[in-house]
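Labels run A, B, C, D, E, F, G and H following the written order; every chain starts at residue 1.
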Amino acid sequence: MGPASASAAREGVLAAFNDFRVQIDDYNDRRERLIKISRDITIHSKRLIFLLHRIANDDALDAQQRAAECRQKLKPIRAFFEAASDELRGQDFGRYSQSLSPGVQEYIEAISFSHYLEHGTLITHAQAQALISTPAGEPWFPLTHSDYLLGISDLTGELMRLAITSSGLRQGRHKAAEVCDFVRRCTADFESLTPYVNELSKKQSVTTESLKKIELAAYGIAIRGSEYHDFPRSFDDDPGHGRPADEAY
Amino acid sequence: MGPASASAAREGVLAAFNDFRVQIDDYNDRRERLIKISRDITIHSKRLIFLLHRIANDDALDAQQRAAECRQKLKPIRAFFEAASDELRGQDFGRYSQSLSPGVQEYIEAISFSHYLEHGTLITHAQAQALISTPAGEPWFPLTHSDYLLGISDLTGELMRLAITSSGLRQGRHKAAEVCDFVRRCTADFESLTPYVNELSKKQSVTTESLKKIELAAYGIAIRGSEYHDFPRSFDDDPGHGRPADEAY
Amino acid sequence: MDPEELDQINAYFERDAQLREILREENAKLDKKVRSMVGTLSKVHSTPASDFPGIVDVVRRTLSGCNENLLAIVSLIPPNQLWRWKETWAYTIRSIVYIAAFTEFLASGKLISLQEVNDMVGIQETWNDRLEIQVEDYLQGLITLINELSRLAVNSVTLGNYDAPFKISIFVKDLFAGFSLLNLKNDSLRRRFDSIKYDVKKIEEVVYDVSLRQLNNPPAESKAA
Amino acid sequence: MDPEELDQINAYFERDAQLREILREENAKLDKKVRSMVGTLSKVHSTPASDFPGIVDVVRRTLSGCNENLLAIVSLIPPNQLWRWKETWAYTIRSIVYIAAFTEFLASGKLISLQEVNDMVGIQETWNDRLEIQVEDYLQGLITLINELSRLAVNSVTLGNYDAPFKISIFVKDLFAGFSLLNLKNDSLRRRFDSIKYDVKKIEEVVYDVSLRQLNNPPAESKAA
Amino acid sequence: MDPEELDQINAYFERDAQLREILREENAKLDKKVRSMVGTLSKVHSTPASDFPGIVDVVRRTLSGCNENLLAIVSLIPPNQLWRWKETWAYTIRSIVYIAAFTEFLASGKLISLQEVNDMVGIQETWNDRLEIQVEDYLQGLITLINELSRLAVNSVTLGNYDAPFKISIFVKDLFAGFSLLNLKNDSLRRRFDSIKYDVKKIEEVVYDVSLRQLNNPPAESKAA
Amino acid sequence: MDPEELDQINAYFERDAQLREILREENAKLDKKVRSMVGTLSKVHSTPASDFPGIVDVVRRTLSGCNENLLAIVSLIPPNQLWRWKETWAYTIRSIVYIAAFTEFLASGKLISLQEVNDMVGIQETWNDRLEIQVEDYLQGLITLINELSRLAVNSVTLGNYDAPFKISIFVKDLFAGFSLLNLKNDSLRRRFDSIKYDVKKIEEVVYDVSLRQLNNPPAESKAA
Amino acid sequence: MDPEELDQINAYFERDAQLREILREENAKLDKKVRSMVGTLSKVHSTPASDFPGIVDVVRRTLSGCNENLLAIVSLIPPNQLWRWKETWAYTIRSIVYIAAFTEFLASGKLISLQEVNDMVGIQETWNDRLEIQVEDYLQGLITLINELSRLAVNSVTLGNYDAPFKISIFVKDLFAGFSLLNLKNDSLRRRFDSIKYDVKKIEEVVYDVSLRQLNNPPAESKAA
Amino acid sequence: MDPEELDQINAYFERDAQLREILREENAKLDKKVRSMVGTLSKVHSTPASDFPGIVDVVRRTLSGCNENLLAIVSLIPPNQLWRWKETWAYTIRSIVYIAAFTEFLASGKLISLQEVNDMVGIQETWNDRLEIQVEDYLQGLITLINELSRLAVNSVTLGNYDAPFKISIFVKDLFAGFSLLNLKNDSLRRRFDSIKYDVKKIEEVVYDVSLRQLNNPPAESKAA
């Protein structure tokens, strides 16, 4: 092997690796873009969840107004999904979807919270997929079962917060019992799936803790309600009658 | 129990706790002071070790000059020991000596290094204790066996550095073999004590690693020396003959 | 290597270690004052509301005396090194915010602003490259206040003061609503905010207990609170 | 190492290890008594206050019997080696403080002093270079007492004793004020002290529940407290 | 290395790995049944006490059906290797103890004994070098029961059953007193035992809430307990 | 959750778990062949270069026989699910790349291309939605080759072959230059790439040792390289 | 809880704890002998090969004396509880394997078999439900030997013995090839096996250094190896 | 809470998150240039010394072009926030120091000063509250240089340049002596410094090999180097 062939070999190697560099850079760039989109979706979804907590107990709003506010907040997220869908066509979904997962899960948490507040039921996989679709109903990309389940699992934490903050409020008294029922069913349903989804089984203990906190909130309402049954003014009266009526109470 | 006696009870509690506060503050202050002294001793001891590394291979100095430089550096440490001894009289030694331990161990590491460089032997417990004593030979406080052993254990790490840096130098060629022997004996002696001193058994694996590195240095010298036996200029000549003679080589 | 440059580098490392040591000591002095104020403030739980002004007075005097400690600290920090050293005093500063905010609530029933806390302890605008109450510190201090107010609601009723829970309820719910508007990251602030829902709930329960038993004064007055 | 010196060091550590073993066994005997007293004391949670004297009596008899175990331990410790060995029995001594303090509270409603604990179990002044209840042990024992008293406040009310929570509240608040005077480091004492805040809160809530419903006897007193 | 010996070593590892795999599969089948029973039992939290017998019946039928799974497992274990393989099924066995003990409590209010658990699922004395409910497993199952009973106390009250907490309280306190007498080492059993202190406290608080408001039927009974 | 939907999800995951199990078994069969080839290849460290062709031959025959295993795997993967399952066989595929690349180096001194690896084991273009050697797998395999070549440089000299290190040095340096062109993230590829710096250094030292002693044949060439 | 059952449970825990304690003490005695043998063996690193027989002799005498300790241990283990207690002595047994294998290598240059280790220390076939050298222990001991042999290769050369590395290299490579054929799981054995790759490499480098400088006697032999 | 203040707080949190993002991107651009320079510099290992000037030239041109990236970064940092953000670019800056110091050594054989590095990439004195090469970064860069120079000593000899090791030896020993005078804490700098003893040793060995074989030029010349 003379010097000439040696340098030819070197050129060959460098050419091949230049090619790899392009492929690796493309892979990393795309991952970076998706991770950024995922972060953006997460931020917006978290804000939606905060908003839902705020309006959940706001007497001044009716169901329709609430739904309208939600849809408003959902709009910008659609743009992110559309941007992500370009990177996730065909084979690429398998390759890159993990980078978007955190965002998708937080989004599922947000829309399932909104769905629960509006309908009192669990959003189905199909309904959730429909909210990750073009206006024409074409899915931007498939919603995986695990993203769906992990999002729902986080929902129970938000419901716990809802149950506790609203248990002190008049209109929240029935809520705690309903939420308790709902989360109990979620916990039971998840139980059969934990052998398959590793992260879910980790989250299951958090869910169980949330359930216990909700049970305590429901208990508090029940035991205090039982005492005030015989009182001159009923437990369900608004005791804060001295306050201005338009206060978010 | 009327209000009067209630407030009397409270006064009693507060008086007692004020007393506790004084005791706890005194304890904490004293610990703080000792920890600071320990840190100061550590810093000065580390500097002494650095100095010893620098002068160990310095041809320009003879043994006496080296010893003199060391004594110079030891002086300020004496003042710290004197200060510490005030806090460690009688019962207090048991109570507070732990706070000073890190400093004492680093000091043992330094003086045993210096002792080894001067005499080629291990400093004994009595000799080390004598260096933690007033000029009149009165111990400032007792040197515990574990501080002594743990300090010596760290010495082996410094000897490893010495063996490697000096193995490239002319006058270092014999050193590696000597150090190798010395550390081998230390490692063997410690082995019988590891069941009693928990920290020592942890350090023993570091010591063993150091020993292996020293063995490799000694090996390097031996194998290279064997090759150069037949060479026109001997292995033990100074090959850097082209350099200025006063360079620290 | 140039011997002079070596000396400079060594001196640089030395200074750093010493500064860390001295700052810790100065902060310990300030912290001692802070603990004493917290102790004094904790008396409100067993004191009739009529005696609150006395407690507030005592605390505020110590509070304005903290200025000298802050001055000592700020004079030690080299220019531009706020972010390097702030962890040393962050915890103490948060307690100062809590103390200032608690006295303000007791005195006026109002929420103290960050600027008002600065004024109370004499933190200067010009220090802002060295020592500053950060937004996070201010919010952390307010959360501590909420924790304490839920206890105060309970203890006020025990002492026969049935109006206090209503005042506290209005104040805390307003603050809680404010916090809810913040976009918090998943950090320690978020975790502590998450915990105050229990305080809000407890205060609400006290308000209900008192209202349903009609122990509080005529509604008109509670409105004024 | 000089072989003779190596042998000496080995012998020294050997003696040490043996003493540690024997001390551990002696402490296990004492600990058994302590567990049994803790078990007896836990009956107060389901016993009317009128039967407390009987429980206190039984416990105190066992308590003074601990003297022989302490004597056995102290006779093993070489002079001046208190600090070397105290970890062996520290945990047991803290339980003894707790037991002594609990019986004193049940009997007289008062806080036992460190000296009184010494007297109860016969710890001599002259042992103080070998075995001694340290301030920290005493305080740890009192914290355990506070943990237990918050349970007692709850269970007393269940048993229809509505005055107990008020007594407990005064006692615990005084103690809490005492603890607040201490400058605790970030050590186990500090962490446990932080935990008693929850006990104080719980007791306040029980007092609140009882006051609100005016179930206790002389409401005037509780307000004055 | 001798090729024949290598083959033997490989065969040994192979057998081991296969047995581990099969045992895991067999245990997974049993675990599925266990999970389903746990699911059914968890309905007690939202069911009136009058419907408990139905739940108990369903669970007990599945429970006795576990015998075939245990038989499958025990037949796989080589003689004398109980201690080698027990980790595979220990967690499942503990759940079985919990399930058996919970049904017994719901049915009779009594504590099930280890032998009764063996009988319920048909574990034979002769299996004892291969498969056995160890004392630790039994105790672990009981601790899980206590965890669950504190939830049941809470949820019973929510459903308007004010007597259940008193029953639970008596049962759990008795069990707790038993556990307190055990000389537990610092292992997982000890840590979990420490956790049931919170359950006991929680149950005491529920009993307190009900008693304070005099919601339960014969108040005399609770005092006597 | 809707019971029907729950069932569907359960069924979906069940199918998944089964496929994973079968794939693992198929991969284990392939892995066995791979180990045997790695074992054969490791003989080069104690074999004169003249006997390399025999080793290469043996290995290549087994290598082309891997096709049937890959076929078995690819036929199990549902369309488009490459990314879902590739972790199952990725490690094995990387070893295949290493083996193919090593034989190529031994045979021709050249770097094998990804396409040539595909051809050697019969991976079809049409499988690319189910089974494919990814660029990352190819690079990982080459890193393993570099690790092995630094050993080969050392052992060749031991066997008196003083020219091999020069060949290896040129080959590895070219490859190293290629790797340096890549922008690697902080992942396992990056960590392993960092490790080959030591191999490069080792090879440089061997070349140095041989050059210094002028043991190699045509020194002119090595200087020109 | 039934008092009698409680007593039984306590007795069960007690027996267990005592047996653990005694076993630990017995193992400590054996361990002391083992440490002393390891110490004696470590002298090979600074001793000419001609003095190895003396070292081997001394060690083997102590080794056969271990039989009495093993007898003491095996007589304590209840039937069938090998798997329960083996962790107590596993580490010591592995050291015994290492010692036996090292003496065999020094004496004959050969690999000791598991059965030969048993014979050397008098472990009986009939003990096998209580005490046994497991295959894992045997392999772990051999790995320790390899770790030590790479040191010996280095130190032999330092002492001017240039042939030892070649002997060691042949022995270790053979052993390494054997290990490579084992189907190890991802456990501690696997991790330690990964570590011996470094030892093999180190030995190869020593052989390289000696060959490069042609210091060894009959170069032909090393090439043939 | 004041809505306007709330908006401000929210905006403050928002800005922070965005700045972190943009800084990361800007640093990535700079890092790309740095990698390319490191790649170019690595050619010295296979290039005759006569061609070094060309390599130095190419690198220095890119180096001065880094100024625009640093400018972009410094313009993003708010005043006084050097310590808040420096971690973002610290690693890149250290590589810049290494590159600058390597080119200086190749060009003049001298040690570059921190100020000269600043000048080379145009870092302004006035930026020092936002972006600055810290002493630690400078020292870290020099350590990387030493690591690289020990490789260069080896490879120079392979390429027949027998004088380079002497030059490198003088330079590195001087630097090593300088580092030895620093009082380093036990941090990453200390650990990396500790590792360079191997580089020093390797360089010495090369110098010895060359001198003893009398391959270098007449002594007079090496003195001049």
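Basically, a residue touches a chain if its C-beta (ideal position, glycine included) is under 8 Å from a C-beta of that chain, and two chains touch if they have at least 3 such contacts.
Note that the structure is a prediction, hence the values are computed from the model and not measured.
Asks: From chain B, how many touching-chain steps at minimum until you land on chain F?
Replies: 2
Asks: What are the mutual neighbours of chain A and chain H in this structure?
Replies: Common contact partners of chain A and chain H, which must touch each of the two, are C, F.
Asks: Residue numbers at the chain F-chain H interface: does the shared fraction exceed half, giving same, or fall under half, giving different?
Replies: Chain F and chain H contact each other through largely non-matching residue numbers.
Asks: Matching B-H on over half of contact pairs, by residue number: which of A-C, A-E or B-G?
Replies: A-C
Asks: Going by average Cα coordinates, which chain is farthest removed from chain G?
Replies: C
Asks: Tell me which has more C-beta contacts between its two chains, A-C or B-G.
Replies: Between B-G and A-C, contacts are more numerous in A-C.
Asks: Counting in whole Å, what is the centre-to-centre distance of chain C and chain E, each centre being its mean C-alpha position?
Replies: 48
Asks: Hey, how far is the Cα centre of chain D from the one of chain E, in Å?
Replies: 35
Asks: Starting from the mean Cα coordinates of chain E and chain G, work out the distance between those two points in Å.
Replies: Roughly 43 Å separates the two chain centres.
Asks: Would you pick out the residues of chain C that each touch at least 2 other chains?
Replies: 177, 181, 183, 213
Asks: Can you list the residues of chain B that touch 2 or more other chains?
Replies: Residues 192 of chain B each touch two or more of the other chains.
Asks: Tell me, which pairs of chains are in touch?
Replies: Pairs flagged as touching, ordered by label: A-C, A-E, A-F, B-D, B-G, B-H, C-D, C-H, D-E, E-G, F-G, F-H.
Asks: Any idea which chain H residues touch chain B in the complex?
Replies: Interface residues on chain H, with respect to chain B: 166, 170, 173, 177, 180-181, 183, 194, 197-198, 200-201, 203-205, 207-208, 211-214, 219-223.
Asks: Write out the stretch or stretches of chain E touching chain A in their complex.
Replies: Residues of chain E touching chain A: 28, 35, 38-39, 42, 45-46, 151, 154-155, 157-158, 160, 206, 209-210, 213, 215.
Asks: If you look only at chain E, which of its residues touch chain G in the complex?
Replies: Touching chain G: residues 1-2, 5-6, 9-10, 12-14, 17, 79-84, 111, 113-114, 129, 135, 139, 174-175, 177-179, 181-185 of chain E.
Asks: Tell me, which parts of chain B touch chain D in their complex?
Replies: Those in contact with chain D are residues 1, 3, 6, 9-10, 12-14, 16-18, 20-21, 23-25, 28, 90-91, 94-95, 122, 124-125, 145, 149, 185-186, 189, 192-193, 196-197.
Asks: What does chain A use to touch chain C in their complex?
Replies: Of all residues in chain A, those touching chain C are 43, 46-47, 50, 53-54, 161, 164-165, 167-169, 217, 220, 224, 228, 231-233, 235, 237, 239-244, 248-249.
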